[in-house]
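The same chain A turns up in both complexes below, where it pairs with chain B and then with chain C.
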Partner chain A sequence: MTFDFVEPIVFAMLSVGVIAAGAAVVLINRITAAALLMAFTFLCMAGMFVLLGAETIAAFQVLIYVGAITVLILYGVMFTKSGDRPYALFFQHQTPIAAIFVAAIAIPVLLLAFSFNAPAPPPRGGDLPGLATSVFTDFAFPFEIASVLLLAAMVGAIVLTKRDEAEGADTRRRERR
Partner chain B sequence: MPIGPFGLDPVIWAPLRLVIAVGLALFLILNGALLQIYLERKIQAIIQDRLGPYHVGPFGLLQTFADALKLIAKEDVRPSATDAWFFVAAPALVFCPMLASWLVLPFAYDITGADLNIGLLYLTTLGSMTVLGIVIAGWASNNKYALVGGLRSAGQLISYEIPQILALVTVALVVGSLSMRTITASQPGPLVNVLVLPFSFLVYFIAALAETNRTPFDLPEAESELVAGWLTEYSGMRWGTMLALSEYGNVTVVCSIIVTLWFGGWQGPGVDALPLLGVVWFTLKVYAFILAFMWIRATLPRLRIDQLMSFCWKGLIPASLLNVLVVATLALAFPSSRVPIAIANWLLVVAFVAGIPFVQRRRLAALRARARATAQPVRAAS
Partner chain C sequence: MIPLGAYIFVSAVLFFIGCAGVLVRRNAVVILMCVELMLNAANLAFVAFSRRYGAIDERGSVFVVFVFVIAAAEVAVGLGIVLSAYRNRPVVDVDEIHAMKG
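== the complex of A and B ==
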């Protein structure tokens, strides 16, 4: 007797977590709860990466999405004007169109998923030196492009906030006079 | 089918091992927290020329046990205006990552939960998850002090995570591995990493003080400004879990990282003959750093929030980026020798320590100039 039976059970639990939490993020009205459930979705996805043998990617998933992006979203929620206002209004009228779109995408995906019988690729990514070597040799160019893009976004964000602050200080000074 | 340890079937042994590991970690965290609270009070008392706890038990040793019993027996208070789910979930969100990070701590060569090949990354990941629980706690409390404390804490933790990770990167560059066991094994005998990478250690130590909310970086719970920060509305065992268990557990984890990465982990005299001695050495080293944390807490005053942030973003992060650049370049240029890296790193330490008075003097001059500029109109008016 071995532990082969554990993996499908864990996979089932994780996939239920991903789907249920993902649906709840869209359906729930409270934005903080939605943000936290999104973090839960990311955690379940990280668990799936671990099941695939890609621990490194799982760790980065948690580090970046749970540790940074969710906190950033919560920050944004807390600094914007609050009110757990109902979002249902936005979604009311589009329901039929949305249903058609979802069906158009979901049915082929489902069909494909059930007809897909190829063996799973061997797990990679848990192999840290291999991953690092491929990122910094074969994929060095896209990696650098992505980092330059992020740098540009960061500089842009700083410029936007800085200008705002200076203007605010000016108006405040004028008001005081 | 292979037979597991103690002649047990692996099917029984694997879950049993999990239960034992989690139970042992919980036991160590609980007792570590009790011991560290006692030590903290006693050491601060000695430094401040007081007696500290001395009524309960010999030398007041049982004081923290009594406190813990009181906390457990306390009524479970939840203010009615709080957010029920988040308020209850926050202590767990703070506690669970800390508990999970004990998995990779190498107490001795064979005594570790799991030797992950991404051990260091795993620890960083779990450290970053704590922020989420703190922000949620501040938000759920429905209290302005808690909210400000939570946001401050999040800002502080996210900022100081960057120099912390950059310091870890230099160690990974030199050792060439993220596994805690390999990192320990790469420092045989007296040649510990702190001799090679003293600047990374300095940066990590400062950032670790901030990550664990210790003085001089305990802004999130600055009681003179914020009551108790994000813990304001918590009491009883929820407070105990968040503050006592999680904070002291995190201090232990961070000190274990310091010891493993820079001070040779479990290695020490006589370990080769008696491997179990590694646990003793590891614990002694870890507690030496915990005592250093307490010493700093008893000595230094608290920073202001803008000083805290500007020290990180203008001081630590550029310095640690420079450190990564230097170490990476030298590691590429001299792959077989660590001496150039060590020389460069010691020079960085000297430059950093010597640079502080210069920066401080310029900052003070700027502050005085600004004060003079704003003071003159008042004098002219009066």
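== the complex of A and C ==
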């Protein structure tokens, strides 16, 4: 008895999870629920990476997306307590136009998506040796640039959210007087 | 074995869901979430092509690592901008934030 039937079932469950949770992120109005559903989408996506045989990428996905980015977004949701405005401004009835625009591009692309087929079987084993070889040979310089980018983003986020101490102290002094 | 087209289809569907979300939703944090969905859909396409086209050195997966880096930087700086705008005026609605429109 073979277990070939398991892979399509797992793929179907994961794709339903990805698409349903992704649609719920867009459609649901409670922002905290949307953030948690986004985390669920990322988790299902990690399952798809495992199904493709890319375990390292799946581990990165769980660590970075489900861990770091979801927590960051949740903090953003908590700091900015506000719902979506239920109405649109009178000159911004853009939802139908946006729907038509997206559908006009999406339908040909979705029809085209099934035309791809795999010319080669996937290589045996995990993706870690190939990934490590690429990162430390051909892509070593971009990898270092990426670390500099992360440092710049960290400094930028701190500068953006830091309160202006000098200005605050000045105001307080003026109030005291 | 799952055909490659199925993965690309799921990736495209998730990408357009995120695209519609960016266009339709007006909350800045939700727009950031939808951008993350689009980036993740692109990651799925990268990994699927990289695995199924038999690349020996996993070029596509390397790009996925870079996308992770960009996404983390983007969400950190984006939330910083949203929070500093929120401190200025307590709205997260992108239609209400027009201080820099000129």
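By our rule, the second predicted complex is superposed on the first by the 141 of 177 C-alpha atoms of A that agree within 3 Å, B and C clash if a C-alpha of one lies under 4 Å from a C-alpha of the other, contacts with A are read in each partner's own complex, and residues count from 1 in each chain.
What we mean here is this: a residue touches a chain if its C-beta (ideal position, glycine included) is under 8 Å from a C-beta of that chain, and two chains touch if they have at least 3 such contacts.
None of the values given here were measured: they were computed from a predicted structure.
When the shared chain is aligned, no partner comes close enough to touch A:148: not chain B, not chain C. By the touch criterion defined above, A:116 lies against chain C but remains apart from chain B after alignment on the C-alpha atoms of chain A. Contact with neither chain B nor chain C is seen for A:100 once the two complexes are overlaid on the shared chain.
Judged by the number of chain A residues each one touches, C leads among chain B and chain C. When the two structures are aligned on the shared chain, A:160 is found in touch with chain C, with no touch to chain B. Of the two partner chains, chain B is the only one that A:67 touches; chain C does not reach it. In the superposed model, A:8 makes contact with chain C only, not with chain B. Looking at the shared chain after the overlay, A:55 reaches chain B, while chain C stays out of its contact range. Contacts of A:138 after superposition on the shared chain: chain C is touched, whereas chain B is not. Common to the chain B and chain C contact sets on chain A are residues 56, 60, 68, 75. For chain B in complex with chain A, the residues that touch the partner chain are 11, 14, 83, 85-86, 89, 116-118, 121-122, 124-126, 128-129, 131-132, 135-136, 139, 147, 151, 154, 158, 161, 178.
Chain C contributes residues 1-14, 16-21, 23-30, 32-34, 36-37, 40, 43-44, 47-48, 50-59, 61-62, 64-66, 68-77, 79-84, 86, 90-93, 95 to its touches with chain A in the complex. Those residues of chain A that touch chain B in the shared complex are 1-3, 32-33, 36, 39, 55-56, 59-60, 62-63, 66-68, 70-71, 74-75, 78, 126, 128. Of all the residues in chain A, the ones that touch chain C in their complex are 7-8, 11, 15, 18-19, 22-23, 25-26, 31, 34-35, 38, 41-42, 45, 48-49, 51-54, 56-57, 60-61, 64-65, 68-69, 72-73, 75-77, 79-80, 82-85, 88-89, 92, 94-95, 98-99, 101-102, 105-106, 109-110, 113-123, 127, 130-131, 133-135, 138-139, 142-143, 146-147, 149-150, 152-154, 156-158, 160-161.
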